[in-house]
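Dumping the structure here so I can ask a few things about it.
Here the chain labels run A, B, C and D in written order, and each chain numbers its own residues starting at 1.
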Amino acid sequence: MKRLNFDVDVIESEWGEGVNLDILLQKLQADRSHAVKAVCVVHNETSTGVTNDLGLVRKSLDEAGHPALLLVDGVSSVGAIDFRMDEWRVDVALTGSQKALSLPTGLGIVCASPKALEACKHVKSTRGYFDWREYLECYKAGTYWPYTPSVQMLYGLRASLDLILKVEGLENIIARHLRLAEATREAVKAWGLTVSAKKPEWDSAVVTGVVVPPWLDSNDVIKIAWKKYNLSLGVGLGKVAGKLFRIGHLGYMNELQLLGALAGVELSLKDVGYPVVLGSGVAAAQGCLSKQTPLIASRL
Amino acid sequence: MKRLNFDVDVIESEWGEGVNLDILLQKLQADRSHAVKAVCVVHNETSTGVTNDLGLVRKSLDEAGHPALLLVDGVSSVGAIDFRMDEWRVDVALTGSQKALSLPTGLGIVCASPKALEACKHVKSTRGYFDWREYLECYKAGTYWPYTPSVQMLYGLRASLDLILKVEGLENIIARHLRLAEATREAVKAWGLTVSAKKPEWDSAVVTGVVVPPWLDSNDVIKIAWKKYNLSLGVGLGKVAGKLFRIGHLGYMNELQLLGALAGVELSLKDVGYPVVLGSGVAAAQGCLSKQTPLIASRL
Amino acid sequence: MKRLNFDVDVIESEWGEGVNLDILLQKLQADRSHAVKAVCVVHNETSTGVTNDLGLVRKSLDEAGHPALLLVDGVSSVGAIDFRMDEWRVDVALTGSQKALSLPTGLGIVCASPKALEACKHVKSTRGYFDWREYLECYKAGTYWPYTPSVQMLYGLRASLDLILKVEGLENIIARHLRLAEATREAVKAWGLTVSAKKPEWDSAVVTGVVVPPWLDSNDVIKIAWKKYNLSLGVGLGKVAGKLFRIGHLGYMNELQLLGALAGVELSLKDVGYPVVLGSGVAAAQGCLSKQTPLIASRL
Amino acid sequence: MKRLNFDVDVIESEWGEGVNLDILLQKLQADRSHAVKAVCVVHNETSTGVTNDLGLVRKSLDEAGHPALLLVDGVSSVGAIDFRMDEWRVDVALTGSQKALSLPTGLGIVCASPKALEACKHVKSTRGYFDWREYLECYKAGTYWPYTPSVQMLYGLRASLDLILKVEGLENIIARHLRLAEATREAVKAWGLTVSAKKPEWDSAVVTGVVVPPWLDSNDVIKIAWKKYNLSLGVGLGKVAGKLFRIGHLGYMNELQLLGALAGVELSLKDVGYPVVLGSGVAAAQGCLSKQTPLIASRL
């Protein structure tokens, strides 16, 4: 079924790899007539545990001298991974309430640059529900919302932002995600397995894909983790179905919760017959966290 | 801005009037080639307090022998006003969580007939978020949702449906809405004002529009109700801005809550200089409710 | 069953009357040896709708030159009725979370003067759960609570106090309770009934007892109010069982909620055969509120 | 300060030991006149991690042919440790909402045998708030509560009991607590430390006391656990202050939560200079849990 009423030129990547910046640059340079209106990139690819360097994407646009808008899917990154709307001149960024904001599902949040607002004045493609022009008109008119808003989610957003900005601090949150991700990768290494991101530059701070040996079905690990240990791991999708499982370490989560989850992965791996040494991954992660974990500021 | 990627032939109505069934029948009969694919009708027009008789809409389709789908916007009606999906052969009905279901905003709910599901297989128009085909595929695959669902709203829906079906009973709820609406109209009459629905056949069971005299701005009534009595009345929109205000009596609401609201309307009318007799509307509504209010079954 | 391990000299009052200050003064003056250790008085008698003037009780103590402690049961008054711990030199005041604080049941709150703290050092009577000396020791030791506290209620208390002190304002809350009480009494008068407080000086700002005619059982009014209108009225207790019902207007409650409740009382009175004019009490209350209700500050 | 208005003969135990059954039997046998009215025993001593065998206490009473009532403090045991009111002929058992019931603090729950109810008819000692005779009278009168009940806690109790009786099952819950406790003790052993219960017969299924070496202050472990790892350990009280810390494994808690906590204890021990091998306790606990953890019934 057709979902978009405009043309899209997708730059394919292998699973486990990020944006191919060479091809991107090449395409932008070749587009002399500026037919390309926008470059759309996923900051963190949740389903594979791959993070793109948005600064390099911006650099490609600049190098090509291309005026295309830069649109960023920040669903699983904004609020957890370093994201610089202004410095990288991102034109549209969007995220959801249920990821780094640690809220229930229910809010889509979009942020647009003046350039994006200007570009939108002349669009001819069909819009769905979320047309920001209607919101902007309502703001001006003082009626605020063109539709009935989900007020409980807005109160939740206020509380979530207070936790982020006033209690823990965005810098500390970004550091915590990096810390938990590194500990997770140390555990994966200790188990004798590999992460799905093919190069360290693509390692994700919020989700780690773990590739299982060919003789093992990753869905069996996921099933036993859920049914025996009440642990929810992510499945591999599409091409990597059965080949990897994902450990999420995103949002309101701390060191011990991660270590409990890693202990659960070990138990599940053992249960499905993978020769894991119980405690090995936990110990590796602990070693990593022991050095880095700061006192909790709000407890001092 | 263009919002739809297909042609629409709107049958305009005066504010306060429902669907013009004569024109509808005429158009359907004239459409020999069956170019019209669907008739879309609002069951209850929230912004004016007008309810359409869907049985008569269905009758028009049948009389014209026209195969168009019957699509119903039941946002403010389903669960509060008598609605017969099967008897009236409605093909698609939709509602929201924040009206008769008495939940927070957050769920759009759609119900489709086999005929609608079949028709959808061949559509060429662009879809937005809510494409039920993806949901149906996920149901089959056992993964249930193509996107992250708002789980807290689904638990809320379960609780709301229990209240409707097991505690109060749908029949009782529909009767309660009729009762509250009639009492409200009696109050409006006692104040010397008129309701916005131009004929009783269009009276709404869930919201009553009240037309103010020309020398009065309805927004002043609304403002004083909100600022002095903590009472939220609905504004008149578009053509009737300033000419009417709306009293909602929809969802989890009972007789005394309505009477409190009517008392607040009286106080607000008095405050803006309308010569209302305090207590007059309340007394008229009480007279109406006194005869009809049953014992609360769950309390017996 | 004996409940107290010390002697108590009760000054009896008729139902509907407050403390007999003459007898109190007389007893205090007669107690030359100061055998009386404390005078204990209920600020607002919830079960009859009678409020005592604590300033006059303090005056009696002063006039008699008696050193007894002044203990106040402020369960249904503190936070709703003017209460002056310091000015009236109250030694111990107590209240509960479920009244003016508008919280769920669960907290007993006690406030003691330095004189009371001193007196407590020498007590010989048995203590139960709430011995403040253990709390004071824990405060000093930095462990805060001798027992597991009800943390969720303490968060609720924080929120309740913010609503009282920062949002509405204690002065405004006290004025609101007086306003609602006066409106209620006007309604009672319009119904041709009398309030239970025998003199205006004893009128309660938080609950109004309504005396029914001898041929009527007040419990029938209460029953129909509950079963038909979902309205919870208070029963008459002890001597006045069947002779009065009570209308509460305490805590987080506004004008229109009261008017809705009064409308429900009217309907219930009519249903049990009392010749009430529907709307009469509501109109009387509205007349009273119309003049006094201020704009809601937080909405301006 | 005196807290009770009757005499108490306490059988002292060393910290880490349970009831001395020999002394108990001796005292009961010596009490020919049956001056002892009740034997009161703590089922699980929360502050030391010691559980008493109530069956043996009952046996002592029977062996002595003594008619004393058997009163049980089951605050931290009922709902988590095997407790047999009828089989052991317990006369009064009490618990709180905040332990095995996994509710917030706020309810004290008491269960009395017919023998206890009978005995209560003749008591002369002073009662405090919780005098069940008033409750029983209210039940009979249909007014249910002598005081304002904490309704939100009662709804919570209903939900908690459903989780216990309908979802997980009491048998499974008791087995889960035994499993978590055994795993915890394995971890303690792997760390080269000892549990506070001096014999296995006193091991607690809900809390494990861990004795630290003399050169270490257990409060330092607790402080670093709280400030760095957001882990709340229990302090040692009285004689064992500074000598032990406690790991709670009571209520709504599963294997991975325990393993996360154990990982946190390891990190804390390391931070205070105790030569722990990171992962050693977790691995020992995992080994223990791996064999015993069943599939979660409600997930099958």
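What we mean here is this: a contact is a pair of C-beta atoms (placed from the backbone, for glycine too) under 8 Å apart; a residue touches a chain by one contact, two chains touch by 3 or more.
Being a predicted model, the structure only gives us computed values, none of them experimental.
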Mean-CA-position distance for subunit C and subunit B (Å) = 44
Per the centroid of Cα atoms for each chain, what is the distance between subunit A and subunit C, given in Å?
-> 56
Multi-partner residues in subunit B (2 or more other chains touched) are none
May I ask you to sort the chain touch graph into line, ring, star, complete or other?
-> ring
Where do chains touch, given as pairs?
-> A-B, A-D, B-C, C-D
Contact residues on subunit C for subunit D in the complex?
-> 1-5, 96, 98, 104-106, 123-124, 126-129, 131, 133, 148-153
Counting only contacts in the complex, subunit B reaches subunit C at residues 226-231, 254-261, 263-264, 266-267, 270-271, 277-280, 282-284, 286-287, 289-290, 293-296, 299-300
